[in-house]
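Letters A, B, C and D name the chains as they come in the text, with residue numbers starting at 1 for each one.
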Amino acid sequence: MCGIFGVTHSAEASYLTYLGLHALQHRGEEAAGITSSNGKHCIRVVRAGLVDEGMTPDVLKGLAGDFAIGHTRYSTSGGSLERNAQPLMAHNTAMGELAIAHNGNIPGYRKLREAFQKKGALFYTDSDTEVLLVAIVQELQHRLHNGVKSTPELLGECISRALAPIEGAYSLLMLTRDFLVAVRDPWGFRPLALGRLKDSDALASETNAFDLIGAKFERDIKPGEILILPRRGNPRSFFITAKNASAKVGPQPCIFELVYFARPDSSLFGRDAYWARREMGRQLAQEAPVKDADCVVPVPDSATVQALGYAERLKLPLEVGLVRSHYIGRTFIAPHQTIRDFSARLKLNPVRGLLRGKKVVLIDDSIVRGTTSRKIVRLIREVGGAKEIHMRIASPPVKWPCFYGIDMPTKKELIASQRSVEEIQKFLGVDSLKYLSLKGLLQASGGSDGSFCHACFSGQYKIAQKAVRESLNCEALGTRH
Amino acid sequence: MCGIFGVTHSAEASYLTYLGLHALQHRGEEAAGITSSNGKHCIRVVRAGLVDEGMTPDVLKGLAGDFAIGHTRYSTSGGSLERNAQPLMAHNTAMGELAIAHNGNIPGYRKLREAFQKKGALFYTDSDTEVLLVAIVQELQHRLHNGVKSTPELLGECISRALAPIEGAYSLLMLTRDFLVAVRDPWGFRPLALGRLKDSDALASETNAFDLIGAKFERDIKPGEILILPRRGNPRSFFITAKNASAKVGPQPCIFELVYFARPDSSLFGRDAYWARREMGRQLAQEAPVKDADCVVPVPDSATVQALGYAERLKLPLEVGLVRSHYIGRTFIAPHQTIRDFSARLKLNPVRGLLRGKKVVLIDDSIVRGTTSRKIVRLIREVGGAKEIHMRIASPPVKWPCFYGIDMPTKKELIASQRSVEEIQKFLGVDSLKYLSLKGLLQASGGSDGSFCHACFSGQYKIAQKAVRESLNCEALGTRH
Amino acid sequence: MCGIFGVTHSAEASYLTYLGLHALQHRGEEAAGITSSNGKHCIRVVRAGLVDEGMTPDVLKGLAGDFAIGHTRYSTSGGSLERNAQPLMAHNTAMGELAIAHNGNIPGYRKLREAFQKKGALFYTDSDTEVLLVAIVQELQHRLHNGVKSTPELLGECISRALAPIEGAYSLLMLTRDFLVAVRDPWGFRPLALGRLKDSDALASETNAFDLIGAKFERDIKPGEILILPRRGNPRSFFITAKNASAKVGPQPCIFELVYFARPDSSLFGRDAYWARREMGRQLAQEAPVKDADCVVPVPDSATVQALGYAERLKLPLEVGLVRSHYIGRTFIAPHQTIRDFSARLKLNPVRGLLRGKKVVLIDDSIVRGTTSRKIVRLIREVGGAKEIHMRIASPPVKWPCFYGIDMPTKKELIASQRSVEEIQKFLGVDSLKYLSLKGLLQASGGSDGSFCHACFSGQYKIAQKAVRESLNCEALGTRH
Amino acid sequence: MCGIFGVTHSAEASYLTYLGLHALQHRGEEAAGITSSNGKHCIRVVRAGLVDEGMTPDVLKGLAGDFAIGHTRYSTSGGSLERNAQPLMAHNTAMGELAIAHNGNIPGYRKLREAFQKKGALFYTDSDTEVLLVAIVQELQHRLHNGVKSTPELLGECISRALAPIEGAYSLLMLTRDFLVAVRDPWGFRPLALGRLKDSDALASETNAFDLIGAKFERDIKPGEILILPRRGNPRSFFITAKNASAKVGPQPCIFELVYFARPDSSLFGRDAYWARREMGRQLAQEAPVKDADCVVPVPDSATVQALGYAERLKLPLEVGLVRSHYIGRTFIAPHQTIRDFSARLKLNPVRGLLRGKKVVLIDDSIVRGTTSRKIVRLIREVGGAKEIHMRIASPPVKWPCFYGIDMPTKKELIASQRSVEEIQKFLGVDSLKYLSLKGLLQASGGSDGSFCHACFSGQYKIAQKAVRESLNCEALGTRH
């Protein structure tokens, strides 16, 4: 997962991008990068760590210009920072520097890369983003090298042609000396919203970034849309036409964004995350009530809203029975001697006394590996002293890995892919365990079966099917590329 | 405010202290320090910033020994770090190195210091803690200089004699090569708890520190108690006898710890903070209900438990209408252009849509200056779109500064000291404003009028009255020392 | 200017490379980079600053493998570090990762780049090195893409073909998972030596790097040689055949390396720098003696050896009249108030009293801009109190910029290009000024007119003449690309 | 060893002190500290490492005021930085803050400390400097506590009284809000000079610090002098009268400053270090010539001037046969595999070829432990290929530790204390070894037997004899306190 942000026509473009990335920090804590443009050149700085850590006043001062785009990146191992950092930037293209920031994933990018390599392209990174960049730059080089003027039309056409054959998930921001471009893949897997702040256009993965800088949410970028914001002149929209079978697959917004990933105060895919989650909780209460429970306890902060909905529906008292530490998110020295369930203790602490002898409903948004859940359950039992723990999950079992941009473990590591609900219940050590049904989830999210990508729950991968199948096979064979 | 932690008889003493300080991080984010002892020497390291930032693996490795004490410090301006860092450590005393970590405040320490200076003492800092240290070391020097053996009895007597004449708030941890000592002033202003982890004794300002390291809470250190934990032999308790009038004043545990300061998962003064806060919310609902409200919204995270109690009592729906960012707590680059209410936006964001057109009850634990509250109210009104905002505060108006260890602004800066409730309501821009009564607060906290220090609400300063009066006069005259 | 170092078959390859770069630190202080290979992958780390600063123990630990190459870079402005850092590394080529480290300069690289761009190549940097990399990788892609095995022959042929059309100065080290390759351009502008340490081959810009790690100097890499060192099997040499007119130009080793750049304890181009410099001093004494001088004073440390030769020849006493500070080389805070000649004072201080009232011969190796020399002369006059200062330069006037890898200012900034010797004498404020003749320099260096590149003194650019002419014209027109 | 610097009446006092400390960096590389005064308060910052590393622009900006003093400290283990950092500063004394910076050593400080402790003083460090500080502050407290005005007379009298009973080496700078004070012990062990820069007085351990900032050397502070520079009014000098026997001992300037420690461009004790060293070389040539030698090679940079004198006297050619690296002085990663004589190789490299087959005279200023000399000899033999190496030392054998401020190893570690010259010659692996006689050294230094402290060569400790004897006994018994 990643977060992307961009802004035009502002003397403080880099600073606003820094704030925007800060608001999107939950989408990626490992690295942050900003590229700014002053109409002549683009400057790019990338740093490991949180936005606030890497983007120091000195760095921001160096990022001159009135257009900027930025990127926060999720978990890639430290060593490869320098290679995979974003925005990526090509130098000396037909339009000068061209930077790109990408949220999403292209399942078949290795095949695409080989094709470009045969034609003579060099690759400096191992990322799918570079493939998108090469595709677009080559298209530009083709059309522009004879002193042809770079118009929005030409740029739109180039991007449209370059991306049309590519299947996968991509919300993109691009920056050249003259243009800021926002793109969303034809299926709209990942969110991307347009906002307005005085004379500036702003673009963000999630709308809470607009709130921080005082911008007004205008609309979502449409699936397949290429929005070109020139330094001078009006914005122009173009559209990518997907090819072949994939053209017939409708919108595939990622339901997991609503379940877990997005901030509760964000709107995306035309929905408020908060309301969707409250509804998931209510639906869960209807599908899987616990009788005579003493209280409902959320795993904070990601399941608090769902727990509100659950408790309200069943008129059970809600208790903030797990206190979350505010000081996590940085490297922590591992203890030499074993402190049982230490990683969970660092983040969460049960309120002593509150749960002693109680029959507790524990609400979480989802279970991925199950290891953290097990530790939390044990803390509630041992430190908190709960008598019965009934776990309720406000989404279906996660059985399939995501190939469209959510960072998930392999199939083998997904507990629900390997064990039955009963076995998971045993593994977690809870007195009962129930999940929300897929139907219930879709209903709570305000959509029907066809209106979301829910492959992680259902295994129904609709785009780049061949590449996905190969990846799944590789994994089955124990090879990971 | 500060947090203190100590541990005995553990090969990982410094590491456990580091974890303990991490759990007490909310009591002070400005600096952290640890002193360890290996039976021969004490080593001391102090660093600016959060515990995780300053206490790196290299630092911890250098802090050898099986006894350790630590300190986290609240907000003192950067420049003076080196002077005022804690633990403070005297070198070459009659017992070798002697380190001290202090949570509290001694109102009349300047007078005491002058007396010591006349007798020839030097001071390297401007802190009250150094006065305590000098008092104790001089007493030790007196008794021990002729090769007298340093027994717990002798040490207890020295500390008792040194502290008996001193009026003020102090929970102390001290460390020498042979002993770890825990002390609480005769009035018990600040908390200090004893825990047990295998063969080790642990001491902490709050019990949540025990949960993190897997220790068991044993008991509170008693007001006036001097608990001496020797490297070899049994723990011994001694008691300080306060002098003169102050001897007659009973326990004065700080009620503001329960209102705001302590973590909700801590027990202190024999009470669970969580239950006390829930009760404050219920009591507030009874004293100041809002009719026909659409929902109850807490200012997170400090008023969430109170809001639960309030909503439950009135059977109103609770909504997490303000989302708190997880990434605050570090230096943030100030924006050049004005973003209205920026400092509040960085921390909190109203959930769009959720509150639109609603009649909202906004719950907070207390109001100090009122400036942050005003920004939050404005965010809820402007970004959130609430129709009516009724603010309810789960404690009485804060009218008096604290001289016993809570870091509070001067009387002039306390909004309730300068304005009536009606004026504050206007200032905040809310439709109504009500506070919990002192009586209600005491009742919710499970005590009567005499069982707490509530000077910040009532102005009833019972200890070090002369020094307090002088400080209040200075402030009135516009001089602050 | 840059320094390059590489080593094969050593469990400490990265560490030895770190030491080698440290020995070559004088060739570039701005950034350092190392790429290591473990037979499967190449890892690359690049850091701003001195080798010791950037290449920390943690960094070196991460650079696993038994083959490694490294690079130290001279003065490029900070912002562009991330773009222009070396070794450059292509990912996913026909031979996996391919890293390149370059010492030299390709005058016409922009033209070459355009040609590659037309064929579809992307560029991530603005450096000539990337052009070399693209040329080689494309050649490899061509020959290897159908599962053809990568043999030394094939690699040698690819590199030879790729580089044959390129005119300019390049000493290169390349690393893939299977091979370390050393290349020197057909004219041998820059040095590159081969050494031996137990089972390892070592390669270094200068031989003093071998001394530090205890390696034995074997031989210089020959002009045009491609030496391929495979992980398994014997080393193989191939040769580049330059094209067209340039093929007829003989060896062009840079005489400025002997004059100033190389360390005095290095051997290069089959000569000892020390002896060459001593000879330059002797020759200078013969050509430009100073009668009745009291003493000879070198500008330390670069002209000390020349001054020895000068003093010896004329039987004049040598005095270390300028003391050089050991603590320079890091960023220094600029003074707010003017301290006259501050930048010179920071580095050098005249020995008070030693020169008072004396007739001094001041020896320097060369004058580039003349500004530093002027400050030094003033210090000797004002602080040192010298009566007469006769400056003698152990090389001819530098009148032409270098396009083959020495970092020099533009023609306009070269004082000898703009002013006569008489005018320079006046500008410097010396009583007399004389330079060594080109003939004398060549003789001292043990060569004739055709055996060195001396374009900076003579303007005789023999390679890439067209590109050089264009660059000179641009400069004349005030445009610099 | 340490360096101290101070300046009055300058808007850039802290910046000038930073420059002054930079010039004195060779006297201590481990830590640097500055205290500035603005007439109201003193601010103190201390940092580990070189002056340039710790004293960043931000730090200097924080050190407001027009008076400042600073200190660079030699080699104390890292852990104790915070305790032993200088300037030391007392807070809230009768004159407000009082900071002290000390170059020297008080052999019997532990006894003095005990006496103060019995009177009730606390010590925060283990340093002799704190004893001086306590002595002075207590004297001040005595005289000033009743509102008596702090005049230069009073201050001079207090300092004089406080220091009169103390035997040892101390050059001091002190700073209060109103005064900068310079003090030199009655025997003048350590240098301290007064300079003038416009309206400012400057004070420095060595005169090269004046050159850097453009100040003019005025005079040495006299042995026993207390020079008080008030913010307003004229400077005043007072004198310390030593007590008892020590009063009869005349000046004891440290001859080792001239031999090795001071920069060659400094004047101290009324002598130019450069001339003294040149004379030592000439004298050495006379006492211990080498016949038929091919060349004279100095160990750079400390013996270069001596080698000049030696070579000149015997009309032998001087060769810079060892090249010193400019990049040492920072932490270096230790090699895992053995590189023989690595630590010497890092610093020095013999010029290949230059010494091959030659009969070499190797000049050094002194031998302390002998281990580095042995490595250098081996490098010259093995890498350089010298046939014969005749070592000549421009001072007598160092047989006794220094108790007056030079950081030297214990007697056991001094090679000349444990072995005869013949044995040392064998240990070093040289063909012959000769030292300068003490008489020759004194003559070269322009003094007679009574005009210097030469205890390290002669064992004649004249001051604090009792404490010195006890220290020597402790060492003999294997105990070090």
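General observations
Note that in this section contacts are C-beta pairs under 8 Å (C-beta built on N, C-alpha and C of every residue); 3 or more make two chains touch, one makes a residue touch a chain.
Quick caveat, the model's predicted, so the values are computed rather than measured.
Among the other chains, B has the CA centre that is most remote from the centre of chain C.
Our note on geometry: chain A versus chain D, Cα centroid distance of 61 Å, whole angstroms.
If each chain is reduced to the centroid of its CA atoms, chain B and chain D end up 48 Å from each other. Centre to centre, using the average C-alpha position, chain A and chain B are separated by 39 Å. In terms of which chains touch, the assembly is arranged as a closed ring, every chain touching its two neighbours and no others. Working note: touching chain pairs come out as A-B, A-C, B-D, C-D. Put simply, chain C touches chain A in their complex at residues 43-46, 62, 79, 82-83, 89-94, 113, 116-126, 133-134, 137-138, 141, 145. Chain contact summary for the complex, chain B toward chain A: residues 11-12, 15, 18-19, 22-23, 25-26, 50-53, 55-57, 60, 207-208, 211-214, 217, 263-265, 267, 272, 274-275, 301, 304-305, 308, 312, 317-320, 323-333, 335-337, 339-340, 345-346, 349-354, 383.
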